[in-house]
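Listed below are the structures to be examined.
Across the two complexes that follow, chain A remains constant while its partner is chain B and subsequently chain C.
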Partner chain A sequence: MAYKPQFYPGTTSVGVNRRKHMSGDLEKLRDISDADVVTIMGHRAPGADYPSTHPPLAEMGEPDCPIRQLVEPTPGAAAGDRIRYSQFADSMYNAPAIPYWRSYWGAINCRGADPGTLSGRQIIEARERDIEQYTKVQMDSEMTDVALCSMRGCTVHGHSLRLQEDGMMFDMLARTEMGADGNVYYVKDQVGIPLDRKVNVGKGMSEAEVAKRTTIFRHDNIPFGGAQGARKFDEGLIALHHMWERRSKWGYRPE
Partner chain B sequence: MVTKSDTEPVQIEIFPRRFLNPDTAQRLLDEIYRSEGVLRIMIQGPNLPREVPYGPAKGTPIEEHKNLLLTLGDQALELKVKVGRIGLELESEEHIEGVRAACERTLPFSFSIKKRKLFHNKLTVSDYAKYGSKVEDERILGLVDPKAKKEKNLAMLSDSRGDS
Partner chain C sequence: MGKIHSKKLFVKALNKKFGKELDLSGKTTTYERKGPTQNARKVEFMEASKKLEGKRGISFYNPYVHAGGVPLGQRQLVPYKLSTTEYVVEGDDLHFVNNPAMQQMWDDIRRTIVVGLDMTHEVLEKRLGKEVTPETINNYLEILNHAMPGAAVVQEHMVETHPGLVDDCNVRIFTGDDDLADEIDDQYVIDINALFPADQAEEIKAAMGKTTWQAIHIPTIVSRTCDGGTTSRWSAMQLSMTFIDAYNMCAGEAAVADLAFAAKHAAVIQMADMLPARRARGPNEPGGVSFGFLSDMVQTSRTKPDDPPQVSLNVVAAGTMLYDQIWLGSYMSGGVGFTQYATAAYTNDILDDYSYYGCDYAIDKYGDWCSAPVDLETAKDIATETTLYGIEQYEAFPTVLEDHFGGSQRASVLAAASGISSACATGNSQIGLAGWYCSMLVHKEAWGRLGFFGYDLQDQCGPTNVFSYQGDEGSPVELRGPNYPNYAMNVGHQGEYAGISCAAHAARKDAYTLNPLIKVTFANPALIFDFADVRKEFGKGGAREFRAAGERSLVMPAV
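Moving on to the complex of A and B:
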C-alpha cells in the first residue's frame, strides 16, 4: 500500500485547513497575472530578462556526481538565476495562512526553496523564476486573503495589530489601499517603492469566510482543543501533548 | 483648557476595536472636546513615518502620511500616529458617560473605556533629564514620550471650549 502522508491531526476546520496548506491541495480563488506578481515583488521589471549568477548548468559541465544525476534542477537553478525572495505578513485576525503554515507549504511543496519563519512574517527564498511561480501560487490560492495578508519585504509589522477601519491589516508604509470599488490595490512594491500603476488584487474575504479558511486557532473562533464544552479534546491537541511529553522525557529518543 | 474643580480627576482610556482613520479620529476628538470636563488628551498608536525607514527604499517619501492634521479648539497638531488609543483625564468620574456617548455617536465599531492611571504625577528620571528639577506646567508630565519634542507633539488648548 502506498504511503499517504497525514500532515496534521484533528477534525476542526483549522486542522483541515492546515492539512490543505501542507499538502498543497489548495483552492485557487483569484488569478493575478504573472506581470503583476513580478511588479509587486519588485526584483525585476516585468518582461525583462532574468539576470544570472552563473551560466546555465547544461553549459557548465558539471562534475560526475550521483546526487546531481538523481536530482533534476529546478528551472531557475538550471538557468543560473539569482536567489530572490518574497515575504508575507499575515494578520492574527484570522488570516488564512500563518508563518509556520506558509513555511510548511514551502518546505513540502516547493523545490529548491528556503522558507524562513518569523513571528509575524514569513520569507521564502529561491531562484528568481522559481520564487515568482511560488509567490503566484500563494497569492492566487486560499493561502492569501488580500486584505489580511500582504507582501512586505521590509517594515513588516501589522500581524499583531488591530485592523484598520476598512478591515485591512495596518501597513506603516501604506503599500496597499482599499479602492472605492472595494478592491485592494498594491500601490507600492514589497519594499515600499511606489509603482507606476496600481495593481488590483481583488476583493478581500468576508469575516465569516476568513473564519472558515483560517489556519489560526483562536478562542473567539476555533480553539486549539476543539469545540468548547466537548468531553474530549480534539486530536490536534492530544497529538501535541503526546509530542511534548515524548520530547520532554526522552528528547524523541525512547531508548 | 483647565478648569479648577473640587472633585478628584479621573483618567480613562478609550480603546476602539479598530484603528481610526484620521477623519474618524478628528470627529471623535471634536465630540470629546465638546463634552464637559476634559483636562488632558493623549492619542497613541503605531507610527506613521514620513519616509521609508529601512530597506532598499529607505528615504522614499510616503505621500499618504503627509499633511495629516488634527485640529482641536484653537490648535492644530500634525498627526504622526495611526490613532489606536485615546487617553483622557477628566475633571471627575461623572464626565465618563459624556465621553462614552461621544464614542457611541462617532465610532462605527465597538470600543472599551477603562479607568486606569495613564499619566504619572511625579517627576521621573527621564523628566528630570529633560525638564530639570522643576517643571513649569505639571500637566505635561506623562503626556508625551520623553524623547518627543514638546513644541511638535503637545498643544495647549484655550478655555474657549465648543467655540470652534
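Moving on to the complex of A and C:
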C-alpha cells in the first residue's frame, strides 16, 4: 500500500484545515492577476525582465554530480534568478493561515523555498519567478482572507492588535484600505512604497467564514484544551504531550 | 500556607493604560493615528532634541523620520504599570538609559565582591604572630571604610577621591558566629539575625559555619568608568593596604602577597564568572551571573517569605532587566527592541496573574506548596493548565493581547508562569524547567506561532536538556546562566529561568537558592538599589524619583 501522509491529527475544523494547508490541497477562492501579485510584492515592475545572479544553469557547464542529476532545478534556479521573498502577517482573530502552517505549506509543497517563521509574520524566500508563483497560490487560495492577512515586508505590527472598525487588521503603514465598494485595495507594496494604482484583491470573508476556515485554536471558536474547569484536550495536544515527554526523557538517552 | 491569588490582576493596569471607559473584551477599536505628540515623553524628547540640535551641529531625534515618514504612534501609545506597584510610567522610562534605578541595580552587582576574612586572619596569626581580636577587626574596618572609596593609607602625599563622589562605597562584614558579630561595631556588620526571618537566619548561619566574610561595594563611579573585572582588583589593593596599616606590617614583606592573593583569588567570590573569549568579558559582567546567584541577590525571599510567586517574580524582573535589556540588549547587541521583550515580564500584572493562577491550580489539586509529585506528569498538568489559562486571557481580553503584541513576549510570560507554578508546586527547579518547555510547545501548537527564531532554536529542543546534570549535557538550572550554550543568545528567557530556579527554593522556604554568602551580601541596607522590591525600584526610576550613585555633577559646572 502506498504511503499516504496524515499530516495532522484531529477531527475539528482546525485539524482539518491544518491538514489542508500542509497537504497543499487548497481551495482556490479568487484569481489575482500575475501582474497584481508582482506589483504588491514590489521586487520588479510587472513585465520587466527577471534580474539574474548567474547565467542559466544550462550554460554554466555544471560538474558531473549525482545530486544535480537527481534534482531538477526549479524554473527560477534554472534561469539564474535572484532570490526574493514574500512575507505575510496574519491576524490572530481567526485569519485562515498561521505562521507555522504557512511554513509547513511552503516546506512541503514548494520546491527550492526557504520558509522563516516568526510570531507576527512568515516569510518564504525563493528564486524570483518561483516565489511569485508561490505567492499567487497563497493569495488566491483559502490560506488568505484579504482583510485579516496582508503582505508586509517590514513594519508588520498588527497580528495581535484589535481589528479596525471596518474589520481589517491594523497596519501602521496602511498598505491596504477598505474601498467604498467593500473590496480591499493595496495602495502600497509590501515594504510600504506607494503604488501608482490601487490593486483590488476582493472582499474580505465574513466572521462565520473565517471561523470556519481558520487554523488557529481559540477558546471562542475551536478550543485546544476545552474549557476552564472542564478540560478536554484536542488530539493535537495529546500528540504534542507525547512528543514533549519523549524529548524530555530521551534527550540524552537515545536508547 | 494556602493560595493567595486574586483573579484578573491585570484589569486595573489595563484600565490605567487604556482608560476606564474601555470595554476590555472589545475586539475592534478606532485607530486615531495621533502620532508621537499624543505622548508626553515623546514630546519631551522632541523638545530636547530641538534645543540640542543647534549645539550639536548635526540632526538628531525626530520620530517623523520613522518608517519612511509615517511617524511613531499610529497605534495608541500606552503607559506601563509596574506590576504590584502603583507606578505607571511611559515605555521610554523603562529603557535602562532613561532609568537610573535600572542602571544602579546593575552597578550594585558589578561593584560588589565578597572576600573571606578567615584566610587573611590565619596568615596574620600563624605566619606573622599578630593578634586578631574584635578590637583589631573594628580598627581594620574603620581604616578600610576610609581606604576603599579611594583614600590613602600607609603612604604620604597621595592623591585621593572626593568623598562626595564615592559615598556609596562601603564594606561590612557578616559571620555565622553570633559571638563575634556581637563584638563588632554595629555600623560594620550586616546583621543576619535582624535582617532575615529567624528560620532563614539559622539556615544561613548553619551553612556558613563560623566563617567571616566582607561584603565589599566599591564606588559606583569606579566600576562605571572601568569594568566588572576592576572590582576585585580595586578591592584587593585597598584591602592589602589596609591590612598593612591596621596590623603594622612591613609594606614590602612577602606576607603581603599572601593577603593580596587571598583578596584577589583564594578567598574571593565574584558575582559573575569570566566569559570565554568569544564573548570577551571579564568577571563581574552580566553574562556570567548564574541564575542561582541572581536569585540570591534579590531579597524578596526574606521580606515576603510567605509569597513564593512574588519572590520569583521579583527575580524575573531583575533578570529580564539585567539579562535582556543590559546584557543581550546592549553588551551583546544594541538598540531598543530588547526593552520591549523584558517589560512584558514585570509590567501590568499579567505575568503575576498567570503565575498565581498556576500556583492556585496546583495548591487546589495537590494540597500545598511543594506537595505535588516530582515527576513529568506534574509539569505537564500544571504547565498545560497555566498555558491554556493564559492563552484564554489573551483571547478574552484583546487589550492584554495588544499589550503583549509580540509572540516572544507572550511565549516568555506563559512559559515563565508555567515554570514558576510547576517549581512552586514541587519545590524542584528541574520540574519548573520542564514546565517551561511544555508550555512553549503547547503555545506553539495552539496558535501556530511562538516567538522569534530563538524560540525555535531553544525551546523546541529545550526539553532534551532538562534533568541533564553532566557538564556537557546540562546542569542544575541554578548553576546555568546566560552563557549556557543553548541560552547564550536568546532574549526573553534568561530572567525567567532565574525566576524558575528561585521559585523552587522560595516555595520550599529556603533561605537562599544557591549561595548564602550572596544572599547576605545583598541584604546590606546601605546598597543604593533595594533588591527586596525590584519592580518598585524600577517604577521609582521611571518616575524620576530614584537617586543613583556615581554622579559627577559635584565636579562639573552646573548645567
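The working rule: the second predicted complex is superposed on the first by the 243 of 255 C-alpha atoms of A that agree within 3 Å, B and C clash if a C-alpha of one lies under 4 Å from a C-alpha of the other, contacts with A are read in each partner's own complex, and residues count from 1 in each chain.
One rule holds for everything that comes next: contacts are C-beta pairs under 8 Å (C-beta built on N, C-alpha and C of every residue); 3 or more make two chains touch, one makes a residue touch a chain.
Bear in mind that the values here come from a model prediction, so they are computed numbers and not experimental data.
Colleague: What does the overlay on chain A give for chain B and chain C, a clash or a fit?
Modeller: Once chain A is superposed (C-alpha atoms), there is a clash between chain B and chain C.
Colleague: Mind working out whether A:155 is in touch with chain B, chain C, both or neither, as first, second, both or neither?
Modeller: After superposing on A, A:155 lies in contact with both chain B and chain C.
Colleague: Touch check for A:109: first (chain B), second (chain C), both, or neither?
Modeller: Neither partner.
Colleague: A:247 contacts which: chain B (first), chain C (second), both, neither?
Modeller: second
Colleague: May I ask you to decide whether A:117 touches chain B, chain C, both, or neither, giving the answer as first, second, both or neither?
Modeller: In the superposition, A:117 contacts chain C only.
Colleague: For A:172, is the partner it touches chain B (first), chain C (second), both, or none of the two (neither)?
Modeller: Once the two structures are laid over each other on A, A:172 reaches both partners.
Colleague: Given the superposition on chain A, which partner contacts more residues in chain A: chain B or chain C?
Modeller: On the superposition, C touches more of the residues of chain A.
Colleague: Output check: A:192 vs chain B and chain C. Expected answer is one of first, second, both, neither. What do you get?
Modeller: both
Colleague: So in the superposed three-chain picture, is A:164 touching just chain B, just chain C, both, or none of them (first/second/both/neither)?
Modeller: both
Colleague: Kindly classify A:183 by the partners it touches after superposition: chain B alone (first), chain C alone (second), both, or neither?
Modeller: neither
Colleague: Between 1-9, 73-81 or 91-99, work out which stretch of chain B sticks into chain C after superposition.
Modeller: 73-81
Colleague: If I apply the document's touch criterion, which positions on chain A are contacted by chain B in one structure and by chain C in the other?
Modeller: Shared contact residues on chain A (touching chain B in one complex, chain C in the other): 154-155, 157, 161-165, 167, 170, 172-174, 192-193.
Colleague: Please give the residue numbers of chain A that touch chain B in the complex, ascending.
Modeller: 153-155, 157, 161-167, 170, 172-174, 177, 188, 191-194
Colleague: In their shared complex, at which residues does chain C touch chain A?
Modeller: Within the complex, chain C touches chain A at residues 26-31, 67-68, 70, 74-75, 376, 380, 384-385, 388-389, 391-392, 395-396, 398-399, 401-402, 404-408, 410-411, 434, 437-438, 441-442, 444-453, 456, 461, 463-468, 470, 473-474.
Colleague: Write out the stretch or stretches of chain B touching chain A in their complex.
Modeller: Interface residues on the chain B side: 16-21, 24, 46-49, 52-57, 60, 62, 64-65, 82, 84, 108-109.
Colleague: In their complex, what parts of chain A are in touch with chain C?
Modeller: 18, 92-93, 98-101, 116-120, 154-155, 157, 159-165, 167, 170, 172-174, 192-193, 215-220, 224-225, 228, 231, 233, 236-237, 240-241, 243-245, 247-252
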